[in-house]
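In what follows, subunit A forms one complex with subunit B and a second complex with subunit C.
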Partner chain A sequence: MSADSRSAALVPLRAARQGSAAVVRRRSPAFWALLAFTLAVCAFLIVPVAMSMLAGVTVNYFIGWRSGLTLDWVIKVWTDYRHTVFLSLRIAAACLACTLLLGVPAAYVLARSRSALARAIEELLVMPVAVPGLATALALIVTFGGVGDLRRSWLFILIGHVLFTLPFMVRSVLAVLASIDLRTLEEGARSLGASFAQRFFGIVLPNCRSGIVAGSLMVVTLSIGEFNMTLLLHTPLTPTLPVGLADAYASLRIEVGSAYTLIFFVLIVPLLIALQWASQPRDRNATS
Partner chain B sequence: MSGIPITLLGCAKTFDDGTRALRPVDLRIAAGETIVLLGPSGCGKTTTLRLIAGLEAPDAGGRVLFGDTDVTAVPIERRNVGMVFQSYALFPNLTVAGNIEYGLKVRGLAAAARTARVREMLAMMRIEPLAQRRVDQLSGGQRQRVALARALAPRPRVLLLDEPLTALDARLRDDLRLEIDRLLRSLAITSVYVTHDQAEAMALGDRIAVMSHGAIAQIGAPQEIYFAPADPFVADFIGTMNRVRGEVVDGRLRFGGGWLPLAAAGAGELMFRPEAVRLVDPAQAHFSGQVISSFFLGDHTRLVIDAGGDAPIVARVHERRAFRNFDTVHCAVDAGALLALPAAGARTG
Partner chain C sequence: MNTDRYTLAALLLPAAVVFIAFFLLPLAHLFLIGGSGRLGWSAYTAVLTEPRYRSSLVSTVALAAATTAATLLISGVSGVFLSRSRFRGRALLTALLTLPLAFPGVVIGFMVIMLAGRQGLIPEITEAISGERIVFAYSMAGLFIGYLYFSIPRTILTVMAAAEKLDPRLEEAARSLGAGPLRVVRDVIVPALRPALAAAGAICFATAMGAFGTAFTLATKINVLPMVIYTEFTLQANVAMAAALSFVLGAITWAVLAAARTAAGNTVAAAG
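Up next, the complex of A and B:
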């Protein structure tokens, strides 16, 4: 530092340049403080998750990992709760099918329409995120609770999940449709003689594929992890994975609950990674 | 590939919000003819094109005929027209070859016939090396070539081009304009070309329809439009036009810097093109003025002259000398090049 200030007195311009280079090279205290803070935040987020996953394969959590590692807890969870995993997967798949069949055409209509009503609906699509899941669930029970055997069926949960996830599908597809000149593309296809079905399946759908993929992954992950609403909608015969998880946490050994978490992560993390990958801009390897 | 005649009868267009885009228009386009719809934005040229295409329906009473067939109620899908858009409108999910093939595919052509036709179109537009490229890997000029190939592949009866060169930069525009000219001449297909660029219109049109405020102001060969504009709007829109207002005295029009020989009796305003101005000796001069600015452009010099009138006079001269500002120049204009037109605004409203 003293050498720098000496030369600064002699050749101010050059010294200023060296001075700024020195800051980059030597790293200021602020840099280290920031790094430490970032690492602390990361640890804050990751350590509990890692601890929980570790607890799931530890023989006795209160003794710690020195008690040895085991897969017994995972096997126990799989034996007692695997029906919740399968139910969650089934609901997620059905939910995806419903949101594709309802959401993609809805997004297409919204993208095509220039009316103020369509713009208002687009704005309203954020609402389900703001309304607590419990409130939505209660509304569903009040409305559909008395309809036949619906209350006891897993389809009742499905209705709630579709209601909750549909806006995510619509918004995802709509965003892609808004970024391409849909109207002119369709006019081009029409001028070439394409019927509505030909241009919808041949031009519209392929060109919003990235939005459909991103929306689908979003819907599946949200459905698998949904707890707030499902807690009220499920029956003892239709517990989903997160509901079973809550049950295990509340009534069983902490190692069992942790093993359950581990299974949940194994299921959801690949989906989250796929979600990240699919939502990248689609022309990332395009050259021009 | 031969064209068919197109006839528009009383075609007006009012949009849902009440905007009158087009007043009732009659237009007859001969088979194989290239007609250019020229005008500023909002003049109704694109609406006219979309009526011909079948993307818009005319107001009640209007009729569109292809040959002897009334196609007013036929949607664009079944009109068999080729269309080229300013934004290209190529399908991003298909390759270049896939785009060209699309119109053949939806018509249910056999695979072998499709492949042959695609190869033919690629050769015609000289884009064979691009066949397997994705659309987003192409330059603007290449995209418009693909768009032309795609529009022509199904052998349409009519080719409709909506400002196809507007999105391109100047050099590419010139190249592609030549290409389109060659194409339209060799195919002899009936084509309608929309543009706001008068140079494009002059170069490509067998006839030009100059449009203004939802009506055709004048229709005719490029020479007719240029040398005998029907009204001041057309005169101003095509090329540069000098306007001189003055007083009629002894069969001449007197104004600030001198006089002009009078073509028609009684007109208080005359117009002439910059190339009608000749620099002459003071003795033969009709008027004199001072050079305000001069631009040497190689083959000619463009002079802006203050001759005491309301507006400066633009002259296009071929003298080899250099001009300086405030030089005094003496000018003459041939009586045959002078135009007297009804006052501006008489037709437009």
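Up next, the complex of A and C:
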């Protein structure tokens, strides 16, 4: 992602960059100490990732990589567990569609309205993030668990994911809308005779594109990784990727768990890059 | 203007309906069920009166507080350092530090097993040094490491974003008035970062209170409240007790978030 394509938040960053230029020149012992500390933190985060990726393609992890490299574990996991990958992708896509349809209009209303009611709704919408997923899942089960075939359907998991991710979409879009002068833009368009639909699709949506993309990114990654609710909401017929992962970690050898984790990484990293890339070309026009 | 108002209401309606039908009403229902068990409404106070639940509440809160303190310290130092320094590889280092941002709790549990599990890296190292394999992944210490792992990336991001908005002239001024580096940190940087730290800290705390993917992966017998709720629900089939406990857990978490939001201005949810 290039420097200009980020949001307007970069402007103060540039100022800070110039301001601190003088400080950077000579490296004090404190600099090296802080760098070493930060590198240690980085190692703490990255070393286990590298280890698990390696373990996923190692013949026998107990012996180590000297035992040879293999794709057997990855193939075994893919054969046994690929349905969990497809289910998670399907839920994430549906979840994204729902949060776009529900969240973007809601964010627009919350940005337009300055009433106390709007602020209260904004607060309420964040609740599913604050309330532990276990509680939300239990509430859904005791209330809708007996309704038709819903409990056995993947839609039951979808409901939980939409509740949990909706605040992120709303917040993300709202943050962008709050930073532009929506009222003036819309008044201008209205005075030129634009209808509401023309204003919404011609002015509001293009202006909050970066927020929509950031929100979508958040929604998809959160949905694919959601476990707290999903463990209770799923049934043996609807195991998602994280549920399958937990199952593999608990009952299978470390190479299988690692290979499964590797598949998860391979899935989520290109997704992140693709979504970021998709946001770039037009983003520049929107923010400049 | 009036038709405008109807349009706005209509746009908000779908989200409101979903939210009320699938969140507020079910939670209200759960609240009633929590009071309908063997203990009646005293199920809600059982978390304080029954020693078993009280001990898990105490250890959960202690774990969450320790996680929050350690995360803020580590991420505060690294975040301010990264936003204040320019060196080759800085962008890569930042990218690596924020890579685990999207990892779910179960995967983080597995990362802890990789580090400190039976076949992990730390037991290898301790065996080489002292001859004894120190395995701590499947305990409260492992859970602490896991929540640190979860919280550090997002907290570093929050701290960096806030530190980049700081006016460097304030630090220059403090320095030119004779303040040493530690005083600059204590009297200029930390107060200016307080809202961001409060916001990020609240998220850490809430996560460590309510998340259970990591605990589930590490060991089912770690005595934290989310695990107790899960056990009550699945193994004991005690829905009422599980409901009451999860309500108490949710109330505590929500209260902490609300308190932090008051302390931090309106930035907590944005940081989430």
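Please note the rule applied: the second predicted complex is superposed on the first by the 235 of 288 C-alpha atoms of A that agree within 3 Å, B and C clash if a C-alpha of one lies under 4 Å from a C-alpha of the other, contacts with A are read in each partner's own complex, and residues count from 1 in each chain.
Convention: a residue touches a chain if its C-beta (ideal position, glycine included) is under 8 Å from a C-beta of that chain, and two chains touch if they have at least 3 such contacts.
Note that this is a predicted model, so its numbers are computed, not measured.
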Clash-or-fit label for the pair subunit B, subunit C on subunit A: fit
Larger contact residue set on subunit A - subunit B or subunit C: C
Partner chain in contact with A:F37 - subunit B first, subunit C second, else both or neither: second
Partner chain in contact with A:L89 - subunit B first, subunit C second, else both or neither: neither
Which of subunit B and subunit C A:A194 touches, first, second, both or neither: first
Touching partner for A:V59 - first (subunit B), second (subunit C), both, neither: neither
First, second, both or neither for A:L252, with subunit B first and subunit C second: neither
Partner chain in contact with A:V129 - subunit B first, subunit C second, else both or neither: second
Partner chain in contact with A:T184 - subunit B first, subunit C second, else both or neither: first
Overlay on shared chain A, then closest C-alpha pair between subunit B and subunit C (Å): 7
Intersection of subunit A interface sets (partners subunit B, subunit C): none
Complex interface listing, subunit B residues touching subunit A: 53, 55, 75-78, 80-83, 85, 87, 89-93, 102-103, 106-107, 134, 136-139, 150-151, 154, 160
Subunit B-touching residues of subunit A, taken from the complex the two chains share: 180-181, 184-185, 187-195, 198, 202-203, 206-207, 209, 283, 286-288
In the complex, subunit C residues that touch subunit A: 4, 7-9, 11-12, 14-16, 18-19, 22-27, 29-30, 33, 74, 77-78, 81-87, 93, 96-97, 99-100, 102-107, 109-115, 117, 119, 121, 148-149, 152-153, 161, 164-166, 168-169, 172, 181, 206, 209-213, 216-217, 226, 229-230, 233, 239, 242-243, 246-247, 249-250, 253-254, 257, 269-270, 272
Partner subunit C, residues of subunit A touching it in the complex: 9, 12-13, 16-17, 19-21, 23-24, 30-31, 34-35, 37-39, 41-42, 44-49, 51-52, 55, 61-62, 101-103, 105-106, 108-110, 112-113, 121, 124-136, 138-140, 142-144, 159, 162-163, 166-168, 170-171, 175, 196, 221-222, 224-228, 231-232, 242, 245-246, 249-250, 254, 257-258, 261, 264, 268, 272
